[in-house]
Amino acid sequence: MFQTFFWAFVVGGLICVVGQIMFDVFKLTPGHTLSSLVVAGAILDGFGLYEPLIDFAGAGATIPITSFGNSLVHGALQEAEKHGIIGVLTGMFEVTSSGISAAIIFGFIGALLFKPKG
Amino acid sequence: MLEGQSTWIFENKPVIISTATVGGPFEANGNISDDFDILHEDLWLEQESYEKAHKVLFEEAFTKAIEKANLTKEQIQFILAGDLINQITPSSFAARTVGSPYLGLFGACSTSMEGLAIGAYITNYGGADYILTGAASHNAAVEKQFRYPTEYGGQKPPTAQWTVTGAGAAIIGKIGNGPQVTSATIGRVVDMGLSDPFNMGGAMAPAAVDTIMAHLRDRHINPSYYDLIVTGDLGQIGHEVSIDLMKEKGLNINETNYQDCGLMIYRKDQPVLAGASGAGCSATVVYGHLLNRMKQGEFKKILVVATGALLSPLSFQQKESIPCIAHAVSIEYGGE
Amino acid sequence: MTKKNKKLTTEQQKYQKLQKKRETKRPVITNCIKAFLVGGFICTIGQALQLFYIYNFNFTQKTAGNPTTATVIFFAMLLTGFGVYDRLGQYAGAGSAVPVTGFGNAVISACIEHRSEGFVYGVGSNMFKLAGSVVLFGTFSAFVVALIRTLVMKWGGF
Amino acid sequence: MLNSVLLLFVLIFAGCSNEPGSGINSQKTLQADDQKLLVDQETAAKAEEEIKNIEEVTDVVAVNDKKLLLLGFKVKQFDKFRTKQIEKKVKERLSKSFPDYEITASSDLKIFIETTKIKNKLADQSSKERTKKMEKVIKLSNEQT
C-alpha cells in the first residue's frame, strides 16, 4: 500500500516537473504547456507506453493531464476494435467524458455559487 | 510654446488646483495609504462586476476632485481621461456621470501624464478655465482582460507586475493656488522588440529613457534641475535597466533622485513581484503621494515620466512585440 | 529566439542584451521542487480517492479513475471559488496546473469570471477559453494516433 | 454555503464506510460441509499454488465453482510496468492447467478484494450464491475503463 502512494507521488510529481520546466526554461504559456502534455500523453499511448505507467503509478499517471490524451486514444481504439475505422471518430470521448463533464458541471455550479475574489 | 523637438513650455503656468485619489484594499494595505482620499475595503466597490467597480473608482475620484476644488460639475469645461479597459468604457461612463464635454485618451499606463500635458496645454492657451483629467485601473478588471481569469492558478514570473486598483484625478485651472505645470514632453513610440507580456518594465524602460533624454535636450537642462525624476510603472527591472541605459547613453543620473511610482505604492512584503503597474499607478502616486510631498516642501521641481505599454491581448497573441511610450510633465511648486 | 533576432535592428539587440542582465531570473530549481511536491501531493490524494472508490464502490482499478477525476475537479471548484487555487498556482506553478485539477480550475475560473456577462455569452461562451486548447489538441492528436494505430494494425498486422 | 458543502462530505464518507460484515450466522451448522468444501475448492487451491510460483506475483487468491475459476493476484511494484504481459502469462498457465474451466484472472485490486470476500465466506453461502457472486465479479473485470 505504501508503495502505491509513494510511486503515485513520485511519478505525478515528476510529470509536474516536466510541466514546470516547459514553463520556466522554454517560456511556454500554461496553454501551450498543457496542450503539449496532452499531445504527449496521446502519443505515448499510441506506442503503448502510457498504460504500463498507469499500472505502475496509479493516480500518479491518471491525475496529470497527460492521461487525458491517453484515455482519448483508448476510447477511440476501443471503438475502432468494435466498429472499424469509423470508431476512431465516434469513440473518442467514450472514456474521457468524466473529466470534461465534471469540469463543465462544476464550472457552471461554481458560476452560480461564487464570485471571483480578485 | 514648442521648444526643441517635442516639448511644450507653458508660460502661463497652469495650476493643479485640486487632486483626488481613490484606492482599493490592496492599496489600503500599502506604503502610501495615507495619501489616498478614499480607500475601499471591497474590491467590488459594492458593484456587480469589476468593470462597474472600475467606473465607480473613476467617478469617485472625479467627484472628490471637483469637491476639493470648491467647484461644481458645470464649471468643468473638459474632461480628459483614459484607462486600460476595452474602448476605455470606465472613463467614458464616468464622464457621462459628470456630464462635461469629454475627450477619451488612450496611452495605456501613460494616460495620466498624457491627460495632464494636454490639459495644461489647453488651459495655457486659454482653451479652458478648468479641465478635469485622470486615469484609473482596476486590478481584477485589467487582469481579466489582459491575462487570465482572476481565479486562474497561473504562475506569474518574478518579472510580472501588479496592476493597481485606483484612480487619480486632477483639476487643472488657469489660475489658482497649487503646483504649476511648467512643461511637457510628448514621447514617441519606442519598440525594442520585447514581447514578454510578463515583463512590461523591461519593455518600457527605453521609452522612458527616450522621453527623459528628449526633455532634457529640448529644455537644455541637466537631470539635477529636478529634485525628483519619477517614472510611472517601470517596476524593479525596468527601473534598473533604465538607469543602465541612461548611463550607456552618457547621462549620469543621481539615483536617489530617480525613482519609480511602481516601487513606491506597495510595501516590500506585499506579493507584487517586480512592482506595481497600471494606469492608476502613476495617477494615484503622483496626484496623491508626490503632490502631498511637494506641498510639504520636500520637492520644488519634479518631472513625472509616465510610461505605457501599448499592447493588447490580441497583439501579443499574434506575436507582435510590445510598443511602448512615455510622456513627461514637469510640475513645480513653491520655487522662484 | 534566434529566428526572431534576425528581424531586430542592432539597437534592439543591444538593448535586449542589456535588459537580459537585469531581468530577474525565474527560480527554476525551487519552482521545480515546489511543482514536484504539490503535484505529487495532489496525485497522492487522487490515489487515496481511487482506493476509496475501489474499496467502497463497484469500481475496478481501471474504472475508479473516472469518479476520482470528478471528485478532484469538485475539490478544484471549491478551492477556485474560495480564492485559494490562484494562490496555490502562484506557489506551485505546474504542480497545480498539470494535474486534472488545473484543467478544472481553468474551466471553473473562466466560468466564475464571466458570470458578469450572463450565462449564455459569459459563462457558456467563455468556459473553455483556457481549457479549450487542451480539449482540441488532446482530441485531435488522439484522433491521429488512434487512426494510425488502427491502420497499422489492420494492414501491418502487429 | 460552507455548511452545505461539509454536509455533502459527511454524507459521502458516512455512506460508504460500512463494510459488509454481516452474515456470520450459524457457522457451526455448516461444519459438516467443510469436507465437501475442501474438495470443492481443490482447483482454486491448485491454481493459487501454481500462480504463487510465478516470480512477479506476490499474492494470489482464487475461488471456483463447477465451471468458473476466478483468480486475483498482486504484482511486485516494479513489475507492474509489465502488468499486461504478466496477466497474459497467468491466463495462459491457468488455461493449460485447467482446460475444463472458464478462467478469469486479473491483477486488478478490485478483483482481488472481491475474490477474497467470496473466499472468506465460502462456508456461509450456497454454491448457487457463490456462482452468482463470481459472475458479478467476472462481469466487473470485463468492464472497460
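We just call them A, B, C and D in the order they show up, numbering each chain from 1.
Everything below uses one rule, namely that a residue touches a chain if its C-beta (ideal position, glycine included) is under 8 Å from a C-beta of that chain, and two chains touch if they have at least 3 such contacts.
Keep in mind the model is a prediction, meaning the values are calculated, not measured.
Where touching is counted per the definition, the chains common to chain A and chain C are B, D. Taking the mean of each chain's C-alpha atoms, the chain closest to the overall C-alpha centroid is C.
Among the remaining chains, D is positioned farthest from chain B, on the basis of C-alpha centroids.
By count of C-beta pairs in contact, B-C exceeds the other of the chain pairs C-D and B-C. Distance between chain B and chain C, defined via averaged C-alpha coordinates, is recorded as 36 Å. Work out the mean CA point of chain A and of chain B, and you get 45 Å between them. Distance between chain B and chain D, defined via averaged C-alpha coordinates, is recorded as 72 Å.
Within chain C, residues 26, 31, 51, 61, 65-66, 80-81, 83, 93-94, 97, 102, 106, 108-110, 112-114, 130 each touch two or more of the remaining chains.
Counting partners per residue, chain A has 4, 23-24, 30, 71, 113, 115-118 as the residues that reach two or more other chains. Looking at chain B, one finds that residues 50, 144, 148-151, 154-155, 157 touch two or more other chains. Viewed as a contact network, the protein chains fit none of the simple shapes, being neither a path, a ring, a star nor fully connected.
In the complex of the two chains, the chain A residues touching chain B come out as 23-24, 27, 30, 115-118.
Residues 1, 77-78, 80-84, 107, 144-145 of chain D are the ones touching chain A in the complex. Across the complex, chain A meets chain D through its residues 3-4, 7, 51-53, 55-56, 71, 74, 78, 95, 113. Those residues of chain C that touch chain B in the shared complex are 4, 7-9, 11-13, 15-16, 18-19, 21-27, 31, 80-81, 83, 85-90, 92-94, 96-97, 102, 105-106, 108-110, 112-114, 116, 130.
The touching residues of chain B, counted against chain C in their complex, run 48-51, 144, 148-159, 191-194, 199, 202, 205-206, 236-237, 240-241, 244-245, 248, 271, 274.
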